[in-house]
Amino acid sequence: MLIYAVKRLGLAVVIVSLAMLLLFSMIYLIPGDPAAVALGPRATEAMREALRVKMGLDQPVWVQFWNFFRGAWTGDLGREVLSDRPVARVVMEQLPHTLALIAGGITWSVALGIPLGCWAAVNRGGWSDRIVGVLSVAVIAVPSFVVAIYALLVFAVTLRWLPAIGAGPPGDPGAQLLHLILPSLAVGLGWVGYIARMVRASMLEVLEEQHIRTARAFGLPERRIIFRYALAIAVPPTVTLLGVGIGQMLSSAVFAEIVFARPGVGKLVYDSILTRNYPLVTGAVMVTTVLFVLINLAADLVVGALDPRVRGRL
Amino acid sequence: MSAAGSDLPGAGRLPTSARLLRSVRRVAREPLGALGLVLVAAMIGGAVFADILTAFEPNRISPRDRFLGPSFGHLLGTDQLGRDLFSRVLHGGRIALSVALLSTAVSLAIGVALGLVAGYGPRWLDNLMLLLFDSIKSFPTVMLALALVTLFGPSLTAVVVVVVLVNVPGYARIVRTRTLSIKESEFVDAARSMGAGTARILRTHVTPNVIGPLLILASMDIPVVIAIEAGMSFLGLGVRPPTPSWGAILNDGFAAIRDTPWIAVAGGLPIILTTLGFTFLGETLRDVFDPRLKGRG
Amino acid sequence: MTVLAIKGLNVSFSTGDGDLRALRDVSLEVPARGIVGVVGESGCGKSTLINAVLGLLADNGRVDGGSILFEGRDLTRLAPAEMRALRGPGIATVFQDPMGALNPVLSIGRQMRDIQYRSPLGRSEKDARSAEFLRRVRIPDAEAALARHPHEFSGGMKQRVAIAMALMMEPSLLIADEPTTALDATLEVATIDLLKELQEQIGCSVLFISHHLGVVAELCDDVVVMYAGEVVERGSARQVFNTPRHPYSALLLECDPARRPERARRLPTIPGSVPDPRRRPEGCVFAGRCPRRVDACRAPQGERAMEPGHMARCHLAEAG
C-alpha cells in the first residue's frame, strides 16, 4: 500500500509540474504587455516599467519560469493586478464556495445514482432497467449550463420556490443551504446518470460472482444479498469514477456560479478574464488543477483502502 | 484519412451508399437509435435549409419587434433587438454543426497521428506522450477554455482549440493501445518479413484497423463538442455577436430571464434536443457496431 | 429412509438458438446418512443437477419433468420463499472454488454470523458458535480468524471455512460440489477425511460431486455416473468400481491415473467429444464415442437393472 501510495504521489507531482509548464508557456505567449493592460491607457512609461520589474517581466524567460515554478510549489502565486492582494489568498477565499457546490452535487447524485443503478441491475432487462438506462444517457448528454438556466427559470423565476442569486448571507446556514439547492442540482444531474450506469454495470458483474451463489445457497434473503454482499463490492469502483469526474464537476460549477451569481473560483476566473487580471486567472487555474489532481489521487487511495484485497496485497 | 478508411476489410464490395443505407437501417431498428436519427436529421435539415424554412434574416435588427412572445409569425418569439429567434436558432445550428465537424476532424487527424507515433515509436516517446496526455487531461475543461481564451481572445478558433485539446488525448490513447496490439499481430509480422517499411505498415495495416472504432467514439463526442461551443458562446468566449449561436441566444435569454423567458427557452431547447439526438445515435452506433467500446466511460 | 429422491428429472435452458436439454431422465437416491458420489466429465450436467436441487437454476432454465423429493416434499413445486427456507438448514452446500466462494469484502465472522440469521441466538452467541465450528474444521486460533477476510486464508483453509459454514447449518443433506478439485493432493486427502468425520458427527447425508474417481471410491457408499446430462450407470461403489457395466464407466475407470497398474507414458483418453445438447442423438448418448457400438445403440436406451441397486443405461449391460 505504501509503495503504491508513493508511486501514485510521484505521478501526481509530475503531472502538476507539467501543467505548470503548460500554463506558464500560455501566459508567456499572451500577446500584449500585461503591465500595460493592468495599468490602463493613462499610465506613464515609467509606471509601466516599474510594474514590469515588479512582476519580473524584465528577466529572461527561464528565470521567469523558475520563479513561477518555485513560487507555485511554495504557495506563492504572485499578486493580483487590481488590488495587489496575494493571488493565493484571493483564490482560497473563493474555494470553499466551489467545494460546497461540488460536495452538494456529489451528495445528491450519489444518493440517487447508487439506488437507481442497483434497481436497474436487479431488474436487468425489465422496463425499470430500460427507463433508468435511457434517463442516464439523457442526463449525461444535456449540458449542465442549460440545466442551470432551465432550473433557474422553472424553480426560481416561475415557481419562486428557491432563491436565484448568490450564496446566502454568511452565518445563516439555512439560507446558504437553500441557495445551494439549484446550483448543485445543475452540477449533479449528469452524475446521477454516470453513477447509475457505473453501479448497474458493476452490480451485474458482482451478482455473477461465485460468492453470491454461496450466499443464495445458504438461503440468505435476496435483499440482504444485494445490499450487504453485492453493493459493498460494486460501489468502490464508482469512487474512482467520481475522482475523474471532479474535473467535469468543476466545469459545471463554473457555469452554475455564473448563472446563479454565486461566489466561487469559477466566477473568479470568469470575472478576472473580463478584467484582464491574468495573475488571478493563472493562479485560480493552477489551484483548481492541483485540486483536481489531488482529488484523483485521493480517490485512487480510497479505493485501495476500501478493498481489503488491494489493502492486503500492497 | 478518408482514403485510409476505404482500406477497411469488406469495403469496396458494396457501393458506399448501399453500405451506408444498410447501417442506417440497422440503427433505425433500435427505438433509441431511431429517435436519435430523427433529432439529428431535423437539426441538420434545419441548419442546411435555414434560408428556405424562415423568411427572417437571423441578424436583422427590428426595434419595433423587440421582446415579442412566440406567435404564428415568430414561432419562437423575438429577442431584445427584435431579431426572429426561430431564424437565429436554425442559423445557430449551422455554427454548431460546422464547429462540431471541423474540430472533430482536426482532433481525429491529430489524435491518429500522435497515437500512431506513441504506439509505433520508441518506448521513451510513448511514455512521454502518455504523461503529456495525462497532464492535459488534468486541466478541467472549462478552466482550459478560460485559460486559452486569455491567449486567443474570444473567437471560433479558441473554441476549436479547446475541443481539440479536450478530445486529442482520448483519441490518441485509443489509437496507441490498438496500434500496440496490432503491431504484435501476425499479419503485421508477415508484412514486415515481406519487406514492408514502417510507413507502409502504418498506412495499410494499422490505420484501417484503428479508424472504425475511432469514428464511433468521435460520433459519441459530437454532443460534447456542441456543448463546449454553446457553453463558451454562452460565456461570451466563443463566437462574437451578432453571429447566431445557441449559446449566445441562451445568454441573451439569461439576461432577460425574469420578463421574457422564451428567449432562454429558445436558446436551450436546440442544445438539449441536439445533444440528446447525437448521444442516442452514438450509443446505438456503438452498441450495433462495436460493443467492445462500451467500457470506455 | 431416503433423504433425497430424484425421479426422471428433465431440465432445459432456453437459448437464442433453441432449447438446450441439460438433464434428461435423471434419477438417483440419497439414503439417510449415506454418501452418494456423482461422477462424470465436466459438462455432463453435474452443476445443473445441483442448481436444480437448490432451486438456483439460471433465469432461462426450467425443470420440465420429473420430481425432486427432499424429505418427502417435491422441491420442483415449492414456492421460492419455501425453497429459500430449505437452503441452509435443510440442504447446505460446499462449492468448488474456495477462492471465489466466500465474499471478499466481508470478514469470515460476519459471513458466518449472517448465515445464522434465522437463529434466535444473540450476536455474541452466534460468534461463539461460528468459532466452535471453525475449531471443528481445525482452523487455528478460531476467535481471531473470525475477524479476518477470506484473502488472508490459504485455499485449503478457505475450503475448511466453507465446510464449517455448511455444517454449522446442521443440514439433513450436504451437497459437496467438487470440494477438493482446487486443492493439491495432500490437502485433498485431509479435506476428505475431515468431511467424512464431520458427516458422521452430524449425521447428515452427502451428495458428493467429483470427477476424481479415487476420492469417490474412498468416500462414497453409492456412485452415480453421468454422461451428457443422463445417468448412464448407478450402483454401490463396489458394484460400479469392480464391475462397471456401461462402456463409458469402464472407460472412465481406465482413464483414472490412480487406478492404472503401471505408469503409462500417455494417459488414455476417450476419443471424440460430448454430443451437442441441442442435437442429442435419439439412441444412446455415448454411441458416438463408444468402442463397442453396434446397430442396436441407435434405439433409445432405458435403464436396465443387473443386480438389486445396480443399473446401467446400455443394452449390452445384461450380457456383461
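Observations, loosely collected:
Think of it as A, B and C in the order they're written, each chain with its own count starting at 1.
Quick note on the criterion: contacts are C-beta pairs under 8 Å (C-beta built on N, C-alpha and C of every residue); 3 or more make two chains touch, one makes a residue touch a chain.
Treat the numbers as computed from the prediction; the structure is a model and nothing was measured.
The count of contacting C-beta pairs peaks for the chain pair A-B.
When every chain is represented by the mean of its C-alpha atoms, the one lying closest to the mean of all protein C-alpha atoms is A.
Ranking all chains by how far their C-alpha centres lie from the centre of chain C, first place goes to B. Chain A and chain B have Cα centroids separated by 23 Å. The distance from the centre of chain B to the centre of chain C, each centre being the mean of the chain's C-alpha atoms, comes to 57 Å.
Chain geometry summary: the mean Cα position of chain A and that of chain C are 53 Å apart. Annotation for chain C: no residues touch two or more other chains. In chain B, no residue touches two or more other chains.
Chain A makes touch with chain C in their complex at residues 209-211, 213-221, 224, 228-229, 232-233, 307-309, 312-313. Per the touch definition, chain B reaches chain A in the complex via residues 32, 131-132, 134-143, 146-151, 223, 227, 230-231, 234-235, 237, 250, 253-254, 257-258, 261, 264-265, 268, 271-272, 275-276, 278-280, 283.
Within the complex, the chain C residues that touch chain A are 54, 56, 84-89, 92-93, 95, 97, 100-106, 114-115, 117-118, 149, 151-152, 162, 165, 169. Looking at the complex, you find that chain A touches chain B at residues 11, 14-16, 18-19, 22-23, 26-27, 29-30, 134, 137-138, 140-143, 145-146, 149-150, 152-153, 157-158, 246-248, 250-251, 254-255, 258-259, 266, 269-270, 273, 276, 278, 281-282, 284-285, 288-289, 292-293, 296.
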